[in-house]
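Quick one: this structure, given as structure tokens, is what I'll be asking you about.
Each chain carries a letter (A, B and C) given by its place in the written order, and its residues are counted from 1.
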Amino acid sequence: MFRYYLKLGLLSIRANPALSALMVAAIAIGIGACMSIVTVRHVMSGNPIAHKNDVLYHVQLDNWNPDEPYEEPNEPPEQVTYLDATALHQAGRALRQTISFKSDRVIQPDGDNARPFQQEVRATTADFFAMFDVPFAYGSGWDAVADQTEERVVVLSAEMNRRLYGGENSVGRMVTMNKEPYRVVGVLDEWLPIPTFYDLNNNPYQGPEQIFLPFSLAISGEWGSSGNNSCWKPSENGSYEAYLASECIWIQMWVELASAADRDTYLQFLNDYVEEQKSLGRFPRELNNRLSTPAEWLVNREVVDDTVNVLLSLAVLFLIVCLLNTIGLLLAKVIRRTSDISLRRALGASKSALFTQYIVEAGMIGVAGGLAGIGMTWLGLRGLENVFSEYDFIAYLVTMDWSMVLGAVLLAIVSALAAALYPTWRACSLSPASTLRIQ
Amino acid sequence: MDIGPIWRAMLKNKAGFVLIALQIAVTMTIMVNAFAIMQERSNKAGRDSGMDEENTFALASAFFSEYDRDLMKALIDEDLALIRAMPGVRSAVASNSFPLRQGGWSMGLQTEPGANAADSVSTAIYFVDEHGIDTFDATVIDGNNFAPNQVSWQQQDDNTWPAYGIVTEALAKELFPDEEGSVVGKTVYINDNDPVNIVGVIDRLHAPWPSWTGVERTMLTPQRRTSEFQRYVIRTEPGYRDALMPEIEALLADSNKDRIISDVTTMEQVRKLAYLGDTAMVRILTFVVMLLTIITGLGIVGLASFNVSRRTRQIGIRRALGASKPAIVRYFMVENFIVSAIGLAIGGVLSVALNMAMVEAFALEPLAWYVIPAAIVALLLVGQAAVAGPASRASRVAPAIATRSI
Amino acid sequence: MLQMNKVSKVYRTDTVETHALREFSLTVEEGEFVSVTGPSGSGKTTFLNIAGMLEELSSGTYELDGRDISKLNDKERSKVRNEKIGFIFQSFNLIPELDIFDNVDVPLRYRGMKAEERKRRIGRCLEMVGLASRLKHYPAQLSGGQQQRVAIARALAGEPRFLLADEPTGNLDTHMTDSVLDLLTEINESGTTIIMVTHELTLADRAGRNIFVRDGQVSDGPPELSFAAAANS
């Protein structure tokens, strides 16, 4: 029987080609507009480390100005000082802990003709790779001993390895940065967390750094941060030592706990640490330390900007217009076919049989609209890519999420069914005798 | 034409008309709010940064050898001398940033010294020498440019400040709102207690952050910093920019092999990038409004066609009873006018409501008064145009159809 | 057997009450060919609609083969209609998007019959009405008489026990009228009960029994008819 309904649906769609095309196009365009914006928003607000959301925590300590909060109403600074970062890292009270910052180095490739180039690097500690599930193609990260001994080692991204060594296993080879040699100990597999949740302060959509090396090494080389750096009081003098001892915040700190149950314990540890520091004359503000899961941290930093939210609300309205359009047309179509409905009733079709027939027909419009909507979403994303071509993150929109695709089709079918429900119900409850006599 | 019978006929078949009215209402809501956003964004993207953007470009130089301070000073002086000596270069300056770059230095200024002053005004700061005014195409409207001997050298992360400053007119107004006369010679305090003497006022120079509400507030301070990283802003004579960009890049790269030249960009590119989000928004919304108008128009065409074919017999009877072709066309036009008017009335309310919500949530500007009437006229025209086709088809129904039984 | 006992049908609008049938009683036996005549507005179409369960009755009882119809729900009614009743309309009411085969197929589809059985029945019925060669034609490609023959084939395909015809020849010329009536007579002779509503007394003569309806009730009928009927017998 279902096949019979499919056949009748097809016949009816063929009988009104322009109108059916209009309905399908309206659904497709509405879905396309909505889904492209949803995809952008999804990519921008994605949580690439969601699978460890209950054990990873971003650390904030409130060492700020006694007279004003870092951010209204009473937000602690989003980064920590060198003093606190190293003290907490040393204490090692979490399962794993990472302190890191972003810096710039000049890479000098081997060969006479190769030109040196500037590159963002991340100075971090050994646990970084295990904590954030960073995949390795060759070798591995460095160990805690290397952190202490300031070993001159680096980990390269897959892309950097391709650029420097054509993608071959480069573990053991030497890289020259700012005229100093470093030994490659590991090469990453493709790794593109978007946004780069571990450091949301500095353009989180341009992808991770290409080179990673020990934090202690960067400090002994007196490197500055190329990321955000805020101070509420001037350091003693202009020297690097004074900077390290200052209340300036410039380091991102994350910890991994064995389970979510340890969150309170670790927060208590932070509070105890700050109380101790208070007795030394630091931390003039009230206790205001914070641990945030990656998801909480992404929301806190409001990584999705208003432009996308404005567009999303307009896109939803847009979809509503398209659905109203389709409902109106379906209604008109069904009203015109009351004689067909009456005739079929006279020939023995029950209300439910007719209802099914019309719902199947609307469902077909929905499926067609949904499939065309996938195409429209693809076009919409290409359009956005074109319009935003100068933004780095837009490259990640190339991949359409399959769950998103499924969502689009489902949304279209549900919309079409919802659109068909009222007119069909109306048509089926008409008295069959009324239209049979005179057409 | 009498509206009464048309209205009563519409009441007999409410659902279809209610849907189209709702569609028109939502279409209008989107149209009005999209237009408000487009207007705001394109105004923003069209602002004058104060620079001679057409003839200015910038580049960055990063040394990767360790140099001591004196050598660094000499190298930076040499760079500037080389650049300024190039034929076609009008002026050049080493600055920490420039308008539209979206990254820079900001500080709070206050008119009284002390850590707890309440009247702190935040401002963007550009580190420049006496060539800064001309490079940034600023006009000194009060006081003077910096004298060469006022320009000092500071260390990279230094937090001490020269005792002189040039402020934009907007910043002067913000600092001294009640001052009727000149602010030249007045002292403001930076870093709580460090005095800065205002030596001049310039007309306009934007801060590096185009989305900042205080974008008009800028201060120039006469200093250069001994840092491996230098940013040079170069203004050329008209027509020389494109030729000079690669020449100067090569000149600097060849003068010292231990450095990297990067970020060679024209101010036009910088502007494009700075307002990318805004221009993109305008383009997307233009497209959305066009598409939406088309869909709504087609929806009206579709429904009207249906109504026409459903009423073919009725139309034939009317024709047989003496209705003229224009009368039939008018019937459908008036019908559409009524539906549109209802939809637009609802749409007007929805538009204002959504606009208020968006003003609240996204800090947009409220609607201009003429947007809603303009949208009403536009959508009425779209509706009438859409219904014209089916209506004229209806008018061609032969009166003879009335006498046929099928 | 079809049995109506004191059936009334009232149409109500905001301002008017129209009594289409008033205590209408009628019994039709198995195998009869009954014609129903009467002036416009007398209630003969309402009677047919109620007989075919296209409309509900306001009061009274209606039994079809001993089953009280008013006690059935929509699904059961649809089933009874589908299995026991065939309809023939004045305006044929063929579905324009479907070809002849598919038109005749419609009632069989709602019975959930196997494909081969449907095909066999459709072939047989179309052969009976002389249109077996036009399977793939669409209604618009046929003459009025041919369309009505298709409609009859459609009504017969479900092998109904009752055939309800509403002015079956109203849209046909004399020649075609005769051939359709011959067909109906043939169908009746093979055992199907036929109830035919018409306003043409000459057609009514072809039926075995005549019912005259006036003001929603079975009436004695006009004298001419009685005379004709008497002369006929």
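The rule we apply is simple: a residue touches a chain if its C-beta (ideal position, glycine included) is under 8 Å from a C-beta of that chain, and two chains touch if they have at least 3 such contacts.
It should be emphasised that the depicted structure is a prediction, and the values quoted were computed from it without experimental measurement.
Chain A has its Cα centroid nearest to the centroid of all protein Cα atoms in the structure. Taking each chain's centre as the mean of its C-alpha atoms, the one that lies farthest from the centre of subunit A is C. Mean C-alpha position of subunit A lies 26 Å from that of subunit B. Taking the mean of the C-alpha atoms as each chain's centre, subunit B and subunit C sit 74 Å apart. If each chain is reduced to the centroid of its CA atoms, subunit A and subunit C end up 67 Å from each other. Residue positions of subunit C with contacts to 2 or more other chains are 91. With touch defined as above, residues shared between interfaces to two or more other chains in subunit A number as follows: 438-439.
Contacts with at least two other chains are made by residues 405-406 of subunit B. Against subunit A, in their complex, subunit B makes its touches with residues 13, 15-16, 19-20, 22-23, 26-27, 29-30, 33-34, 37, 62, 64-65, 115-116, 155-159, 191, 260, 262, 272-273, 276-277, 280-281, 283-285, 287-288, 291-292, 295-296, 298-299, 302-303, 305-307, 309-310, 358, 361-364, 405-406. Across the complex, subunit A meets subunit C through its residues 1, 4, 11-12, 14-15, 339-340, 342-353, 431-433, 436-439. Residues of subunit C touching subunit A in their complex: 45, 49, 52, 54-55, 74-75, 77-79, 81-83, 85, 87, 89-91, 93, 95, 97-98, 106-107, 109-112, 154, 158, 166. On the side of subunit A, the complex with subunit B involves touching residues 18-19, 22, 25-26, 29, 33, 67, 104, 106, 116-118, 178-179, 224, 231, 234-235, 238, 243, 305-307, 309-311, 313-315, 317-318, 320-322, 324-325, 327-329, 331-333, 335-336, 383-384, 387-388, 390-391, 422-423, 426, 438-439.
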